[in-house]
Amino acid sequence: MSLMDRIKDCLGTDLIEISEFRGDVCVEIPKNRVIEAMTSLKEKGGFDFLSDVFGVDNIDLYAAKAKKAKKKKKGEEEEEEPKKQGPPPPRFEVIYLLLSLKTNERLQVRVRVPEDSMDVPSVTGIWKAATWPEREAFDMYGFKFKGHPNLRRLLMWDEFKDHPLRKDYPLEGKGEERHLNYDTV
Amino acid sequence: MAKEIETVCVTTGPAEVGDYVALNIGPIHPAMHGTLRVITRTDGETIISAEPEIGYLHRGVEKLGENLTYRQFLPLTDRLNYCSAICNNVAYELAVEKALGIEVPEKAQLLRIIMMELARIADHQVLVGILGVDLGALTPFFYLIIQREEIYEIFEWHHGARLTNSMGTIGGVEAELPDRFHEKWPKMRDSIRKANDETDRLLTHNRIWMDRTIGVNAFCADDALNWGFTGPMLRACGVKRDLRKDEPYLMYDKFDFEVPTGKHGDVFDRYMIRMLEMEESIKIIDQAYAMYQDMPDDAPLMKKVPKIIKPPEGQIYHAIESPNGELGFFIKSDGTDKPYRIKIRPPCYMVYQAFGELVQGEMISDLIACLSSINVIAGELDR
Amino acid sequence: MNFQAIQGEGWLLCKAEQLINWGRSRSPWPFPYGTACCGIELMCALASGYDMARFGAERVAFTPRQCDVLIEAGTITKKMVPVLKRIYDQMAEPKWVIAVGACACTGGVFRTYSTQQGIGSIIPVDIYIPGCPPRPEGILYALLKLIDKIEADHPLYKKRQQVVEALEAGK
Amino acid sequence: MADWQIDLIKVVFIWVWALLIAVVMTWVERRASAMMQDRLGPNRAGPFGLFQPLADGIKLFTKEDIIPEKARKILFVLGPPLFALPAFSAYAVVPFGDKIVLGGKEIILQVSDVNIGFLYVLALGAIGVYGMVIGGWASNSKYSILGGLRATAQLISYEVPMGLALLTIVLLYGTFSLREMVLLQQGTFLGFLPNWGIFKQPLGFIIFLVAAYAEANRVPFDLPECESELVTGYHTEYGSMRLGLYLFGEYVNLGTLAAITVSLFFGGWALPYVDMSKFLGPVAYGIASFTVFFLKQAFFLFLFVWVRWTVPRFRYDQLMGLGWKALIPLGLVNLFVTALLVQLTI
Amino acid sequence: MPRRPVVKKEYTLGERVYLVEITKGLGLTWKHFVFNIKASFRKGPHTVPTCWQYPEDRREIAPIFRGAHMLMLNEKGQELCVGCGMCAKACPAKCITVKRGKRQEGEEDKYAGKTYCSTFEIDMLRCIFCGNCESACPKGALVLGPGYELAEYDMESCIYNKERLLANYNEAKAEGKLKPPQKPVPVDAPPAPKKKPAAKKGAGASAQKAKAPPKAEGKKGEDDAAKGKTEEKPAE
């Protein structure tokens, strides 16, 4: 049984999409079923090791695609207006990298997160390894991991306002500075 | 400094009321490698709780990576784990090559292996040396550093830099093995072994050393897996896992080497594993060098890749066994010449998050020993 | 009291200044503020191969009170800025700062949201060393340059001038 | 010359000697450690870098003196001298030579032959701790206070085995005076060994040596100023010459301890098997006995350096364990056996 | 409290009594001590074999060391740089500023190309010495040289202008520290050309190779790819 089939078996209805690129299998699961899907992947699928958790901001990707699509259409038929698409795809995604220690197979699990509801179930209950990566994802993108024991900023200082890895945050920052007032203490 | 320390500690959150003393260690503290910080609550010398704080070297490498081309990002990978920059370079190159769907010629693979194993030796030497320094034995550090200088010399003669090597390029390696290597390797092998042996003689059976390391920060294997440990830290707990064996990349499956494992995951096991791994690395280099010499002179070292690299749209993850453990690069490409998202999975990041659990109930001196034995490199920790 | 001597042209003052400069320049105890890659090369410069201790730059202590030269090797992030400032403030006069490497000098390749673009805007820097990281020789060269700078200093005369200026301002 | 003049000269001499040892030791430590570590060490200030301590001294003297705002000022100032002075004072009872005849006057080469010289040494050693503790506490810094605490516990613990080891010596020689002890170590023991304390009391010597390392805060017992853990321990907040005094006091302390070791266990100024006074003139004999003493002391000083750059450091509880669980029982057993033997042989 | 595996300490008698191993260790350091003391009485600056006394006794630097930049001249003493700005584009730190000037009549012996760089500035304090500029340069005009003594008292003098870069070259040439010509490494044929046919590149490269002076040949050996780029329109 191939890896894809096994994952399909294991996830059942939780599976939204499964794809493969250069041998890396990526599955997409719904946001509200993260815990269940992960548990079944861990226990039934044998993916017992969490490599990493991180976020991706897809806003530019969608923009580029839309532009491309528009361009293409323009090339074909100038007059036709771009059709109204359905609701825009969720802006963010959280990617979990799983690994099976027995078979040495890797799996990317993707959860799409729309901008207006940034809460994602935390997998720290399943793997403690997710503790800091989730904090970092919160720091960098603003995901609110529900059930995380200590969801504070990790890399930036506490008073920092923005989420720097979002695509709309400028590379060189907005001129934030950190001040510590020693004398008051 | 000490005053600074107190105040910094308070700014993060008031010390807990009770009989415990809040002691802030770092970020500038001799054992904190420059940028780490641990906030501990101590009862006398015993640590009740410890919470590491990181981010003092967060340079935004991932964000920067999204704004640089694939080739421009390569020098930045040097600055992740600067103790073994070559491993990072190769990890990144392999990841991009995976995204491009190419495989480099065998000779280049061998060259990469030789350089990577040299880097691994250098990295472990730093670790063992610093561990010694932090436990009060300074001299082995100097003996090891001298050997590292030799290794750096090879690096310098191969690609022109000592530390931030930027070795190779996407698609291969740009230079043959330097003459220096041919001249020096037989001698160097012995001198590395000699330095290791001297370190061994100074430390391993010394009871002070044994008391300081054996049974300190022992960690269970299943906990280690749950926390996402990889590399020597995991092997010290007794799990035989090495990506070079388990998910062979390059030509590692063709070499004969052992994966040393420990038993208890204590500082002594971590130290011993590093010492043994250096020996294995020497073995690998010997084999790879023999194979390299068998290759014809005009065997290709580079794969032809376009000047502007544009991997097709998709996302890949590729991991290698860096000296610290699994070093992975996740690259999401949108088909342009810049990576859409680049995520580095640093090995020590996963280990260091369990630091609080690792040192709980131990003493302040053990905290120092533990930190050194993890080999936290701030560059890859914070990125 | 000989007025001439106090004016800074006296033989005694000159000799005393020379003696002080000699002492200071031959014992620049470093504070190795190594945060990143440059810290490793700084370590190499301190260790056997290059041995900075030859110039008296020994007794590496991580307490700012006991050090003379702050060798800032490595990236300073914005999170670290207050700490660096604090460390510098805690150092006792006379103190010098060497900024090692691109990151410390200007932020280098890291033109990002979290990196301080050079420590020159936080604390006064005496020597800048380009390089990423510079070779240990480069660091030693900078130390030698710093020693030259210390030897050309006028510690007593400057103090005297300050006193005179303060007095004149008081009048 | 009047007696007080001679005493004054001796005091000055011993001060200069102690200072010189401390100064040279800083140089020796740096150069020797460098040589052990395959590097060169300071060699730019003067020939072979010999003036390095001078340069350090000048620099430390001309550095800004900082007293932290929240420190206890009086105690903060008091700490370093309190640490350094007892170390100097302990030299007073060190018999650094036999005697010298100058101007027809026989001068004993010892500042003062106190009849309880040995207790004096122990007592001064105990006072030195206050320098560390007060300095550590007055700094108002957590690292300093940890260093101070460690110093207290460590020195108290190691004074006991040291005392026990010394008691065996006292039992053996039946005197408290250091000079008399040295005099009693002349001749041979069992026919072929020099009649030194080390051959009569090997275990006592080892216990004493270990305790001496602990008293001097040298690696492997340098916990009070454990560089990698406590930054620099009790003197973290000290700078300029106050720090200089601490560093200096440490080396003076080493000198004292080495001198005591030599007088108690290595026959003081005497050469083994050879009685120098027989074939040397009175002046030459005085100088020679001092030289012999100095050479022996130098060896132990070097041993301090040598061990420091070889071994790692203890952990706090292990240090305590070694003191209380190993050295004190050993010392007690040793004392008991010695007492028995002494009783039987007399 | 975290779970911890029980560790049994099993020491041999020799390990148990401390002194045996410590004595062995003392022996080892003594050996080093004596060896180095003996060595330190040798003549010359390089006494202890593992220690380079920097200002007097310099360590051999690799000829391909990536140090301070230099602008190359060819055998006729002409400047090779055409001011195309490829280096500035390739630089990850964005520390190179190049402005192109047109070669005037009568300047043929000064500049090799039809254009030249009227200003060429490198901010050494930004530069990370990665060598990307060198491998990007189509003419082999910008090379990372052997200089490593770069410390300055102020930031301004760390910005190297064209004169300084040319001076670097002259200095390195006078000291004979220019990179030796490096033969390009053999390149595997492309699996499936993605952007451009490789053959064209190869031809372009070989044609260009004849022109470029041998010593300026980049160590990168990547010149095929680099040359291929010259066929693209020059930047700006």
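Per-chain residue numbering starts at 1, and chain names A, B, C, D and E are given in the order in which the chains are listed.
Here is the rule we go by: a contact is a pair of C-beta atoms (placed from the backbone, for glycine too) under 8 Å apart; a residue touches a chain by one contact, two chains touch by 3 or more.
Everything quoted here is computed from the prediction, not taken from an experiment.
K.L.:
When you check each chain against chain B and chain C, which touch both of them?
P.N.:
Intersection of chain B and chain C contact lists gives A, D, E.
K.L.:
Enumerate, in label order, the chains that touch chain A and chain D alike.
P.N.:
Chains in contact with chain A as well as chain D: B, C.
K.L.:
Check A-C against C-E and say which one is joined by more contacting C-beta pairs.
P.N.:
C-E
K.L.:
So, comparing C-alpha centroids, which chain is the farthest one from chain A?
P.N.:
D
K.L.:
From the Cα centroids, identify the chain that ends up most central relative to all protein Cα atoms.
P.N.:
Given all protein C-alpha atoms shown, the central chain works out to be B.
K.L.:
So how far apart, in whole Å, are chain A and chain B when each is placed at the average of its C-alpha atoms?
P.N.:
27
K.L.:
How many angstrom lie between the centres of chain C and chain D, each centre taken as the mean Cα position?
P.N.:
Comparing mean C-alpha positions, chain D is 36 Å from chain C.
K.L.:
Quick check: how many Å separate the C-alpha centres of chain D and chain E?
P.N.:
The computed centroid separation for chain D versus chain E comes out at 54 Å.
K.L.:
Between chain B and chain E, tell me the centre distance in angstrom, where each centre is the average of that chain's C-alpha atoms.
P.N.:
Their C-alpha centroids are separated by 24 Å.
K.L.:
Provide the list of chain C residues touching at least two other chains, using ranges where the numbers run on.
P.N.:
Each of 47-49, 51, 54, 62-63, 65, 79, 83, 86, 90, 109, 111-114, 132, 135 in chain C touches at least two other chains.
K.L.:
At least two other chains touched by the same residue of chain B: list those residues.
P.N.:
Residue numbers touching two or more other chains: 1-4, 6, 8, 29-30, 55, 58, 60, 63-64, 75-76, 78, 139, 142-143, 146, 149, 164, 202, 206, 208, 382.
K.L.:
Find every residue in chain E that makes contact with two or more other chains and list them.
P.N.:
22, 25, 28-29, 32, 50-51, 53, 92, 128-130
K.L.:
Which chain pairs here would you call touching?
P.N.:
Those chain pairs which touch are A-B, A-C, B-C, B-D, B-E, C-D, C-E, D-E.
K.L.:
Which residues of chain A touch chain C in the complex?
P.N.:
Residues 155-157, 164, 169-174, 176-180, 182.
K.L.:
Which of the residues in chain E end up touching chain B in this complex?
P.N.:
The contact residues of chain E facing chain B are 1-5, 7, 9, 11, 14-18, 21-22, 24-25, 28-29, 32, 50, 61-62, 64-66, 90-92, 128-132, 135, 144, 182, 185-191, 194-196, 198, 219-222, 224-226, 228-229.
K.L.:
Along chain B, where are the residues that touch chain E in the complex?
P.N.:
Counting only chain B, the residues touching chain E are 68, 71-76, 78, 102, 105, 139, 143, 146, 149, 153, 156-157, 159-161, 164, 166, 169, 172-176, 178, 180, 198, 201-202, 205-208, 210, 214-215, 218-220, 223, 263-266, 298-308, 310, 357-358, 360-361.
K.L.:
What part of chain C is in contact with chain D in the complex they form?
P.N.:
19-20, 22-24, 26-27, 47-48, 51, 53-56, 58, 61-63, 65-66, 68, 90, 92-94, 155
K.L.:
Show me the residue ranges of chain B that touch chain D in the complex, using the header's touch definition.
P.N.:
1-3, 5-6, 21, 23, 29-31, 45, 132-139, 142-143, 146, 202-203, 206, 208-209, 211-212, 363-366, 368
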